[in-house]
Every structure is written in structure tokens, then in C-alpha cells.
Amino acid sequence: MKILVPCKRVPDPDQKPRLNADGSNIDDVAVSFILNPFDAIAVEEALRIREVAHPDTEIVAVGICPVDGEAELRTALAMGADRALLVEHAGMSDPWNVARLLAAVVEREQPGLVLMGKQAVDDDSNQTGQFLAALLNWPQATFASQLEFFDGGLRVHRETDLGIEIIRVTLPAVVTADLRLNEPRYASLPSILKAKKKSIEHTTPAELGVALEPRVQLLSMEVVNSQRQCEQVSNAADLLARLREAEVIE
Amino acid sequence: MSENISDVIIIGAGVAGLSTAMQLAKRGASVRVLEREQIGNGSTGRAAGLLGQLRGTSEHTRMLMDGVKIVKELEELADVEIYVQTGSVRVAETPERAREITDLVKIGRSIEFDIDHITIDELAERMPHMHTDDLIEACWCPTDGHLQPSELALAYHKVGKAHGVAYQTNCPVTGVLLDGDKVTGVQTSQGDFHAPIIVNAAGPWSYLVADLAGTTLPNAALGHVYLTTQPNPDHPVDRLSPGFRNRHHRIYGRPENGGLLVGIYGEDCPEYDMDTLPVDFDMSAMKARLDDIHLAMLIHSAQQRFPWINERTPMHVTTGIMTFTPDGRPFCGQLPGHEGLYHCTGFSGHGIVQSPVIGVIMSELILDGKSSYDIESIEADRYWEVPGFQDRVEIKERCYKMQGSYYGRVEGEISGTS
Amino acid sequence: MKTLVLMEHDGVALRSGSGEALGFARAVTEDVTALVLGEGIAAMTAEASKFAPVLAADNAALANSVADRWAHVIAEVARNHNAELVVATSTTWAKDIVGRAAGLLGGAMASDVIGHELEGGELRLRRPMFAGAITATITLKGSPQIITVRSSAYDTPAPAATPFAINAVSVDVDALPSGMELEGVDRRIDARPDVTEARIVVSGGRAFKGSEDYERLVGSLADRLGAATGSSRALVDAGITPNSLQVGQTGKIVAPDLYLALGISGAVQHLAGMKNSRVIAAINRDPDAPIFEFADFGLIGDVYEEVPRLIEQLKSSQ
């Protein structure tokens, strides 16, 4: 079986994002990038699938980023992915175009499963996996917190507002990973050194036969002031009233 | 202290700045601490705090022992536990490393420090989670342990506040005000503040503060990493199990939150140019990449001594930035060319445990012009105009080499700091 | 703008929150139609008809909200209806199903919208990015535009005096995809949620003198709120709470909607474990405790007095 794992390069979510001079976009000069944490979870799940029951699984990581953005794909390789493919594209890419590019890669690679993060921690859209499933006309299992294979497909636990929903889907399918699916592994020293030597294949949207058609136009961005101002309350009743106003308790 | 004038301004609210502020305030000075981000949230908040009191010189050892006394007082005053007296062990697997331990025991005995050889069997009993089959020598220091960095910072802050120290957070210093070569104050994002005495306790950023004053401080910002295993019933680590140092594998550690903390002074480490980091850089938000090679080296090394640790072991990884100097000793005092600008930085991975006495030393230097301790080896101007220590590239290289040599040297004098 | 608003329900009634999608739609246009899918949805369509004309796709094949079938029907209705705008409230249901529908409709989608402006016919949308650290203003290119809105950003409109018409939508069952099946839903009424998953964490520090006090005060308050319990290092070191409850740099790292820090001074290593919480409230006897620098709400007081008061107040209002 082949598992395709889309891997997005995102600014480190633990550092505060800063805007460029005209406020039109994120200032990516001093940004440190990492592998999207939800995609790391997807890579980890693919590795576990291989380790636990499917030793012949080939795991292919695919990234859509500028030509010099190989580092995050190397993270996936260091964790244990077999191959990596980089689709060269600089600038913003909205979920629709990412999904179309991924669909073209799926066409090329013919995986039996696409396993990806439920959302990227920069734009937080939570759309790409669903768009991809629609384009491919494949079943989807979003916000997966547990995956099992059974004869005929996948049984997936999904995290929803109402609790855990359990569904069955036939393969091939698109699964998007939620936080509690697993804890991604650190790469071992030999694995990191081996990954450094691997060559990452590059391709382009043109080579994949995809003409990009932007659906989202970014007009401006604003930093939200996250400085907490402590409001002193005088008693317990007051505190509860404030917390109710903030809609954190009922 | 008036609106923006005080006797002393301290730049940096890590343990060095907080300790100095407290000691100065106790002696009646009006002190304002200016912190770029949040109190104790720089290197202080990332430190492991291991206390190995025995150093290459008796003076240095005395400083650390005196520090423990100050800490015990702070614990009372601030009602917080800081000093965890677990004792510590050093272990050796080769004749060369065994000789290091023997030499250390000799030095310790000569200054009446509590240290002794122990058999490998005794070691194994004290450290059931450690692989000891290949060890040939070990020693035990019952009065060692660790200082909890956050709690220490909390105590300095609390006691300092009680003595009138004013703290300003989210207040990066953007300029040093000079009248000829006298400092008169600083410019910050929140306006100007004035004082005839300024203490540069800005840790990794301290060389940038020195640059603002037009002077060169030969220290460098280097990255560090340690892991903390999550509690594992198959390999329990008692809360009071000894701290350890295993120089051959370049690792050190101690118990932490039911698991084992293991850190490394590797041959390589990341280097940081602090001016490329954002002004409000949050060090507590640093995280290791999944394929961080320094972490992988740490895990590999830890595994040699603790075979149950590997890259799949549930663990927390703490990365941070330390301030190293070319000889591993801090810079405490003034540099020629400026009057009133005191540097207090470059603790090279031992800031937590040196901070209690450093605060005393700094307050003595500032208020009395001299210290009751022998501070020759930590004078700030020891590299002043020395060739090879002026250019930032050279400085970084020397500091980088010092870090790499921490556990590297075998022959001759034991590296004075580890 | 012809707008279709998807009304989420749980098989019994419309979900609170689906009204907010209507609120957004109404703010943008007059031409609003509600769409309800499912089986046996008479009660839901009746409720929806108080706010807008309703299209009802009532069919056994839609008994469970399975993404491939539902998205297929939603997309078809949107096309037949010539919808220019398709709206829903941003819930996991909407992300899953409306997301897929948007993929079938050309992908001009904006999720989790928290505000908007209509500038000369152009719909400008504000949405959070970078976990809410940034608000982005965007426009969508293409038609239909599919928008999910955060329920807290909009209000349900007032119901009309007379209900609107309900029209049935026929479903071509044979054309529906069949790769997905619902097995069941586990509503998870847990004893006490895990500290890393809970929406609310009630955490105790040094002020608590023993495990009985901790359980009686921190534990009871947590149970009243359906919250998880946590603790600072001091209690773990004193043997009052287990390691597993320690919130901090080398313990649990949590980001709940509400973190209640009770008798916790706020040492840096503890803050590292909880400072991404949405709302932080602290109770401490010491007005200088560093925790107050990081809290949204602070109560200076003795936890032994204030926590029982909180529990009492919650009891009487529940």
C-alpha cells in the first residue's frame, strides 16, 4: 500500500507572528519554519500503520512550497517516510489550489490512502482535506483520533463537538488527523543522517498539469493584541459573572 | 525613586539581574529592573539548575556553598522550595575519566568539601535507573543537588519587591544614554529612564546591550537542550535520586517531575545571533524540531548511560539559549571607557547556581567599589583589548569551543565549571 | 445575493448556533433560504421556517449526517437553487460536510468568519489565523461563496410573525456516494476529563495543605464545572497530587478555554504550561503574586474561603 502524506511548511506556531511593513502579509524574513504539527501527526500515523501491520507500506511525503523549502520534507524523511516530493510554488496558496495540486499528485502516485493534518496552523482553514476528497470523489474521515484497518476499509474515530463519532470508509480515502491521534516521534540520529542524503524530487504545477486559480484574496492582516489586562474582581460572585460574560462557563 | 530616576537600573530580569536588584535594594539603593519580555522568562526559565558545588578552585567552591546559604534564607522569606538536596554522583568508564574523579576527590578533601569515592555497587543502589556495568569509578557529594530556577526567580522577585525594587516588563532597552563616558540612563520602548549606574544582566542579549553603549562584550549566545522523561513505572526515578555527571558521554542530569532530566554539552551546539530574533522573542516558546540533530545526539548519548531512553520514550524536550564566554567564567564589573556601566553576564550554563553570590558581589562592587570575594577570574575586563577577542566572529568561535570542551578535556586541570 | 443557509441539527432539534448563520446571511442579503437535510425532520423544518423559507431534503438515505452523501445533496441543491452564497455556523459538522460541499462547488470558501463588510457589492470577510493571533481580511473569488461563521460573532435573527414556506427537495438516492457509513456516536460522559483535553481546568497550588483539602476544594469545583483538575509543582513535590496532574514546562501543557489558578503564585515553569489558555482567572492571597500579570481576572483572597463560595454559587445557579 502507498500512503501519501501532504506536509505543509508553516511558521513556528509558538513564536508570535509579525507583519511586514505594509501589513499586507506575514513578515517571513525572520520566520523559522517547521513541519505543520498536524501533518507530523499524519506522518507518525503512517509510520505506525507500517510498523504495526503493513510492512510493505510506502510512505510518500509531498510539500507545496518555494524551491528552497526542503527542510520540512526532510523532517518527514527523518521520521521515516520513504520518499518526498516538492511541488515548487512561491507565495500564498489557498486550500482549493493546494487540493487541486494534491489531486494531481494522487493521480501520479496512486496511493491507497491520503493521510494529512486536519488543518495548517498558519491559516487554520481546515478545508484542504475535504476539498481533496471531493475532487477525488473519495470518502473522507476528518478529525481522526483513532484509525483501524478492517477488511474493506478503515474504521475511524472522529473528534466532533458531540463526542466521538465512529465511521467506516472504503479505500482509497482521505483521512485528516486530529491532535489526539498520536504523539509524533523524534527522529533518531541514524535516521536524520540517512534523510540528509536522500534526494527530494521536485516538480511544478505546470508539470502536474494544474493551472492555479486563486479563490481567496488576502486584503490585509492585523495583529490581535494578546496582552492580558488583569481585571480585579471583588468576590466570587463577581468572578463567576465575568467568566459567564466571557462565555467560558455556563 | 522618582518617576524615571533611580540609583540603579538593571537590564534583564533573569536570576542575575533579580539577585543583584535584591541585594542592592536590601542595602538601601533604589533599583529599577527593566525586562525586555517577562520576568524569569529567558535563560532562567529554561535552566536545569544543577548544583555541583565543587569547582576547580576553592574560592569558586566557597561562592557556591555561600550561595546555598543565601538560598535557604530566601526559602524562608518567600515560602517556596528552591534547594533540592539530592546529592550528586560523578561516574567514569575509562582510566582517564577515573583519574578526573580521583583528582576531584583530592581537591574536595583538601578544602573540606563533603565528597567521597563510592563503589559501583553503592552507585547502582543509589541509581537503579542507571546502567553501571561498564563503570569503573564513581564519587558522591551529599550536599549537592539542584536549585529550582523558577522558584529562585520568584523568591528574588518577591524579596526584591518587598525592599522597593520596581520592575518593568515588556520594556526592551533601545539605547544607552551617555554623558561623555558616564552612563546616565537608557532609552526604552516605554521612554527614557535615568540612573548613574546601569547593570547589564541581559543574558544572551547582553552583548547587544554592550554594543548600544559602543563597547564589545566577548560573550556569545549558544543553544542548549535537555530532555525530561515522563514518569515510567518500569524505570522509576525517585524525587531525591542523585544528580549525575557523566563526562565521557557529555551528559548530566537529575530527577524531574517523576522522570529523569538529561542534558548534554555536546561537541556541537546551535549559535544564535540575537539581533536577528524578534524583540519580544519568547524563549519559553522554543521547541525542538522533530529532527533536531542536537536532540538526536542527546538521546543517543543518554541511551548509553540509560538504555531505557530512546527517541520513542515519552519525554519533554526543553531548548533554550545560554550565554557563554571564552573561558566559561562570567563577566562581572565595568569595562574601561564607561563609568557606571556594570556587566553581569556570561554564566555559561551555571547562572542559576552562581546567581545568589553574584548578586552580593555586584552590590559590593557597585556600593563599595570592591568585593569581599576574590573576583579576579570573573572580572569583566579580562579580555579588554586582547587580540583575538574583539571581533564578533572570533568571539563566537571561542565561546563555541569552550562549550564543546566542557566535558571534553581529559588531561590536566578539570574544566573549572563542570 | 441568493443565499442558502445550512441548518445543523442533531436528529431531534436544530442545534443552537445554527441560528447565527442566519444572522450573518440576513446581514448580507434579503434573499435567504434555509436548507435542512436528514430523515424525519419535520420538527426541524418547522423551527427553521420561523426564520426563512425552507428547503427540506427528507430521505432515509440521509438519516445519518455522512459527509459524502450530505455534501453531494448540498452541492446539488446549491446548484439548482443558483445559490451565490452558502452559509453555515462553523462547527465540526460544518467543517466536515460543508467543507466537502465547497470542494464540489469550486472551493471559494472562508471558514470561521468573525466579521464582515459589504463594500460596493464586494463581501469582505474577517477570519482568525495563527490560532487567533492574526485577523485576516479576505474576499472570495468565484461563485458560490461558501462561508462558515463563528457563532459568537453573530446573533440569531428574531423569528417572523408568520412562518415561511417549506418545500421538499427530492433526493436521487441512486446517485449518492456510498463509501461511508456511520457506526455510532460515543457521547463520552466522562467522570473527569483529561487535563490536556478539558475545556476548563481547575488547578491548585501551594495554598492547599493536603490531599483532602485539594479534593474537597479543587476537586469539587472542577466537578461542578465538568472540568479537569491540575496542580502546580509544589503540590506534587509535597506528595499531595500525583505527577500526572502537574501543569508546567516539564509536566502537562494545556490550553483550555478557562484555566482557574487557585493559590498558585505563577512561577515561570508553571506559566509555560498554561499561558496559552484562552481565559486565565487567578485567586491568590498575595496581591503581588506573578500569576496576576498573566491573568484576565484576579481575585485577591484566601482560596479556603473563596473556593467554597464559588462552589456554593454554582450549586444555586445550576
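Every chain is named by a letter (A, B and C) in the order it is written, and numbering of its residues begins at 1.
What we mean here is this: a residue touches a chain if its C-beta (ideal position, glycine included) is under 8 Å from a C-beta of that chain, and two chains touch if they have at least 3 such contacts.
This structure is a prediction, so every number in the text was calculated from the model and none was measured.
Chemist: Average the C-alpha coordinates of each chain, average all protein C-alpha coordinates together, and give the chain whose average is closest to the overall one.
Modeler: Centre-most chain by C-alpha means: A.
Chemist: What is the chain whose Cα centre is as far as it gets from that of subunit B?
Modeler: C
Chemist: From the C-alpha centre of subunit B to that of subunit C, how far is it in Å?
Modeler: Between these chains, centre-to-centre, one finds 44 Å.
Chemist: In whole angstrom, how far does the Cα centroid of subunit A sit from the Cα centroid of subunit B?
Modeler: Going by mean C-alpha positions, subunit A sits 38 Å from subunit B.
Chemist: Approximately how many whole Å separate the CA-defined centres of subunit A and subunit C?
Modeler: Here subunit A and subunit C have centroids separated by 21 Å.
Chemist: Quick one: which residues in subunit C touch 2 or more of the other chains?
Modeler: Each of 293 in subunit C touches at least two other chains.
Chemist: Out of subunit A, which residues touch more than one other chain, so two or more?
Modeler: 16
Chemist: Counting only residues that touch at least two other chains, what does the list for subunit B look like?
Modeler: Subunit B, residues with two or more chain partners: not present.
Chemist: Mind pulling up the subunit B residues that touch subunit C in the complex?
Modeler: Touching subunit C from subunit B are residues 38-41, 44-45, 79-81, 148-151, 153-154, 157-158, 161, 169, 228, 231, 239, 256-259, 261, 284, 316, 318.
Chemist: Which residues of subunit C touch subunit A in the complex?
Modeler: 10, 66-68, 71, 91-93, 95-96, 99-104, 106-112, 124, 128-142, 152, 177, 179-188, 197, 199-200, 225, 257-258, 278-281, 283, 292-301, 306, 309-310, 313-314, 317
Chemist: Inside the complex, what are the residues of subunit A that reach subunit C?
Modeler: Those residues of subunit A that touch subunit C are 11, 13, 16-17, 19, 26, 94-96, 99, 121-127, 129-135, 137-143, 153, 155, 158-170, 173, 180, 213-224, 226, 228-240, 242-243, 246-249.
Chemist: Report the residues of subunit C in contact with subunit B in the complex, numbered from low to high.
Modeler: Subunit C residues touching subunit B: 206, 233-234, 236-237, 243-244, 246, 248-251, 265-272, 288, 290, 293.
Chemist: Can you tell me which positions in subunit A touch subunit B when the two form their complex?
Modeler: 12, 14-16, 18, 30, 34-35, 40, 74-75, 78-79, 183-189, 191-192, 195, 227
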